[in-house]
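By letter and in written order, the chains are A, B and C; residue numbering begins at 1 in each of them.
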Amino acid sequence: MKISRRSFLAISGAAITAGVAAKLGISKRIIPEDYRIAYADTVTTVCPICGVGCGVLCYVENGQIVAIEGDPDNPINEGSLCSKGSALFNMYYTYNAKSELVPNQRRMTKVLYRAPRAKDWEVKDWDWALENMARRIKDTRDKYFEEKNGDGVTVNRCTALSWLGSAMCNNEENYLFHKFARAHGFLNIDHCARL
Amino acid sequence: MTNHWIDYQHADVILQFGGNTAENHPISMKWITKAMEKGGKLIVVDPRFTRTAAVADLYAPIRPGTNIAFLGGIMNYCLEKRLYHEEYVLHYTNASSLISPGFGFQDGLFTGAQMNGEQVSYDKSTWAYQTDADGNIIKDDSLQDPHCVFQLLKKHFSRYTVEKVCEITGCPEEKFLEVAELYCSTGKPGKAGTILYAMGVTQFTQGSENVRALAMLQLLLGNMGIAGGGVNAQRGQSNVQGSTDMGNLFHIIPGYMPCPHEKTHPTLKAYNDTSPGGYWENRPKFMVSLLKAFWGEHATAENDFCYDYLPKLDKERSHIASSKYMGEGEIKGMICFADNPAVTGPTASAKRHYQTKLDWLISVDIYENETAAFWKEPGVNPEEIDTEVFLLPAAMHFEKDGTIANSGRWIQWRYKAQDPLGDSKPDLWIVDRLFKAVRRLYEREGGVFPDPILKMNWDYGEEADSSRVAMELNGYETASGALIENFSKLADDGSTACGNWIYSGYYNNETAPACKSRIKETEGIGNNPEWAFAWPLNRRIIYNRASADPQGNPWNPDVPVLWWDSIGLEWKKNDVPDFNANVPPEETKYNAFIMTEEGQGRLFSSGMAEGPFPEHYEPWESPVPNIMSSVQFNPVCTIWYPDSRADVGSNEFPYVCTSYRLTEHYQSGIMTRNNPWLVEAMPEMFVEISPSLANKIGIQSGDMVEVSSKRGKFECKCAVTPRIKSLTVTGGKEIEIVGFFFHWGFMGLSKGPSGNDITPSIGCANTNIPEYKAFLCNIRRTG
Amino acid sequence: MAKKARLIDTTLCIGCKSCQVACKNWNQLPATQTEFTGSYENPPDLHPEIWSRVRFNEYAENDSVKWYFSFISCMHCAKPGCMPVCPANAISITELGTVRVDQERCIGCALCKSACPFNIPRVGELGDKSVAWKCTFCYDRISNGHITACAKACPTGALSFGDQNDKLAEAEARVALLQEKGHAKAQIYGKDEMGGLGVIYVLADSPDKYGLPVDPQVSLGSYLWNVALRPVKFLATMGITIGVINNLISKRELKNTKNRARHDD
């Protein structure tokens, strides 16, 4: 999906000074008269960077984020954002060499697999990946699972498995990480809180 | 945080100690600015002059790794000049409690030290209260008994004289005194002082003791529980509060309950019998409800609610430890969600090498990170690496919904704004599908003890729905499925299920759950009780009984958190009470800190590994000997790699090195080094040194340098700045500081060396958080 | 309509560059390639794709350090040096007091840049011609009742937006307070300079410490150019292409621009 800056502006309801754009055949404009996000829907969310928890507004048109700013109603930040918060839009969309708006080209959009000793990634689909990952997890668990320790105490653990959860994921996700890990007998559990 | 961001506005003095709020939490400055507009003062204590220092009223330098000396010095100043809050100390802390006469301290060690090579372990039997025949703690309200906590505290910190403290920390005496005087001015009743800290106190071999020293200072000054006060950990990541609440750590399970240990908790009964006192005596209810949430109908009283299904801990398994086990071949498979230890772990280059020992690695991220791409690192031959790697595309934060908890414990709901790009999926979807895929294999093929997986209560819909998870976290009655109001309704008989007791109440109805509430306060003290939900029980200021005097009158009537209405005979509130508010104030005046057994703030605690009082030891790697005792560094921390330590006062590595962050970048840099606007604003990795060091080694700003430690080296540009100064310490020695940013790695739009390649793999004795902030290095010009 | 102004209270600024990035965010400006040269300040200069930035000024004074941050962007002068010298009459002042470049008329000669005492406009490509680029004062926002993107983002209130009279009064009160607190050198900048600036600064020290010209003037050179170009200006208004001048003057500007490869890919 590629949206040029021009069509991007058009879908966002901003009327480019028709004469300028048509005559010059370019998408840039200066001194627009209209507030380009006037007709966008707003979705309230929270900044994913530091622990302040600033409110963020995503301006959305046709199911797509067209602008991101601070949420003025959130009592913590009252609409302001720092440089990282002000740059959130660039995490999603950037501009290519022709100044066209494109999704950030560095984003992960495909499942990648690296075989032993391979020099590069292979693109895979989710079904293949889920099946193969489940197989690795089960095989390792089955091979190294310990039901009782030397003293006969029930321990039901697998110390050959390691889990790193994340402070970048939601609470509900972290809770399921924990359930997943404990159900399989993980004890090596840690994450960026300690790093 | 005991308080929250907006509450900073009520502080009379703000002490930024071991953090850099303007750079790492810029929006906090909105509230600090408000406090300053009302006459509040901002103090910054930091090894370098930061962007926070640029707007501070007072800046004092400190040598990295000498926090306890500095704080011990302030406590000594406070005690000697009687600047503490006397009534608060008497009622709300354990100052008057008598300690066993056998307790003592000599030459850096507390009683009970058992030598274990160079390291010690403690028999804590003398670190105990004196009790009467009924088991009640014996107290001396005059605070004069030589065995009372107050006198022991005074004696311990009397050694932290201004001269000693400044010799250790390198802080000029007049600066230190200015800090001590200004901060201790908040000991007056009605005055509020807040301490903001971050990794600049935690990432040390004495990280926990550093935090404890901050908390003790706050107790002495009567700054806990009040508006504008508190000990406020400024969390570096948007949901590090929540991910910790959910127990994504080896030593805990959700809600800060300990992970069952094979030695101490072989059975549920043994586990429950170890519940501490105070509010924690309810722990069996939280535990049984957790087991019901995990294994549903299969968890019954007869089978100890499937307690056996929970894996039992054997030993330390934090990141430093488990990385070592990985290097030794014990760990075969790793699952890594949105984490990048190949950049952020200590001695990171070694960790990347250890990953070659894995059979397989599953990594989930929004951009290709160094951990997943470790086999691509320049200089590494992928043909020699057998590890299989699955790198899964995660949806971005605004492409899914759910909650995150900020540092103030506010749990806010995030709504989805757009669909995930390409094949990327929310982490919730990924973990749900992965669980179901493993479960299918066990169903089909059987395997080793599959019960914990097969019987796990796991049903969040075909497309996993975060609100269904939220309801499980909140808790429900097992018979009816009805959501429970809050954790006071939890039971230990299996009639309730609750995934995380502290979250109980955040999603207690489906129509308008508290975490989605967006009602701003129109009057009050900024607590905004109807904006989102704060755990526990929507309480915004923890220990708030201490905001009022024993009779229930607020210390500061201008910003009352709670106050006793002696006519109506009830508590009036700007917050949810952290005590039994159904009884008159006299009945709670000795129980202001409900989570401790004794109901009081602990100026003396037996809970720490190192001792009941914080004591200065040098960092593991230090340029100078410890002048407080013959114990050089924290005697109880575990030494994982004895050979990777530079000698005390090493000539090979003569400079003190410390790490920190930039406003423009974030953590391992994955989210910001792939952001063109931020890369434009801060394009490259660099280190910072003082003009005097630059002069000595012939470096100018912008030159290339090599920074090395006993563990490795890296090369990058150098900034020469007067914001870093050499410090004169022990024996008149000039200490130079080298500071670096840890945001870079070999992947991404902006690539650079990882500073953590040279950090030591040694951690705090209590938490094993690595000592990133103080170690030895060398620096030389390379170009 | 009332004239608008930005108030920059440098004593509240924490140098977080929120304003700088918010400007790019709202105005949809691609990132440029920069490099580290020894200071936190980056990008090092304005550019057709960089309309505002933060200067980092570091001073060692005896035993203490001063780190002054200053936001730099078009000052939207009441008597802008750029306006009279423009041979194409492309520069005007709007009803809100903002200085506007009409890019349809602009011939990219860069005279505005040389006439500007603050060295603000930059010439860059627009389709097949080159034109001047600079801060628009978020005209699209402020003419629709919103505040500028930089002011909205600012965490501390160091950068705020409002009616010029209000902002001046605020600045005066703030300076009085600072002086009362012992900041002897506290002063306003922008009240009288260039007929009054659309960007008013509260400074704790002299303007040069913030990288601001102490007494901003239109350079004599620019004035002479203006005289010399009067006939050309006439031609330009008649719609005749002045390719020669365009080539002569803006070549170096363009070269500079092109040297910075686009940073995003």
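As a convention for this text, a residue touches a chain if its C-beta (ideal position, glycine included) is under 8 Å from a C-beta of that chain, and two chains touch if they have at least 3 such contacts.
This structure is a prediction, so every number in the text was calculated from the model and none was measured.
Enquirer: Need the central chain here, defined by C-alpha centroid distance to the all-chain C-alpha centroid.
Expert: Centre-most chain by C-alpha means: B.
Enquirer: Out of every possible chain pairing, name the one holding the most C-beta contact pairs.
Expert: Looking across every pairing, the one with the most contacts is A-B.
Enquirer: Find the geometric centre of each of subunit A and subunit C from their Cα atoms only, then give the gap between the two centres in Å, rounded to an integer.
Expert: Once rounded, the distance between the two centres reads 35 Å.
Enquirer: Quick check: how many Å separate the C-alpha centres of subunit B and subunit C?
Expert: 43
Enquirer: Let me have the rounded angstrom distance from the C-alpha centre of subunit A over to the C-alpha centre of subunit B, please.
Expert: Their C-alpha centroids are separated by 25 Å.
Enquirer: On subunit B, where are the residues touching two or more other chains?
Expert: Within subunit B, the residues that touch at least two other chains are 26-27, 30, 663-664, 676-678, 681, 749.
Enquirer: Give me the residue numbers in subunit A that touch at least two other chains, ranges are fine.
Expert: Residues 68, 77, 80-83, 85-87, 90, 94-95, 104, 106 of subunit A each touch two or more of the other chains.
Enquirer: Where in subunit C do residues touch at least two different other chains?
Expert: If we look for residues of subunit C contacting two or more partner chains, we find 16-18, 20-21, 24-25, 30-31, 155, 264-265.
Enquirer: How about subunit C: which of its residues touch subunit A in the complex?
Expert: It comes out as residues 16-18, 20-22, 24-26, 28, 30-31, 100-104, 126-129, 133, 136, 139-141, 143-144, 146, 149, 152-155, 262, 264-265.
Enquirer: Quick one: in the complex, what on subunit C touches subunit B?
Expert: 11-18, 20-21, 24-25, 30-40, 42-43, 50, 58-60, 64-69, 155-157, 263-265
Enquirer: In the complex formed with subunit C, which residues of subunit A make contact?
Expert: Going through subunit A, the ones touching subunit C are 5, 19-20, 23-26, 28-36, 38, 67-70, 77, 79-83, 85-87, 89-90, 94-97, 99, 101, 104-106.
Enquirer: Going by the contact rule at the top, pick out the subunit A residues touching subunit B in the complex.
Expert: Residues 43-56, 58, 60, 63-65, 68, 73-78, 80-88, 90-92, 94-95, 103-104, 106-119, 121, 125-126, 129-138, 140-145, 147, 149, 151, 153-195 of subunit A touch subunit B in their complex.
Enquirer: Tell me, which parts of subunit B touch subunit C in their complex?
Expert: 22-23, 26-27, 29-30, 33, 49, 51-55, 59, 662-664, 676-684, 686, 691, 700-702, 717-723, 749
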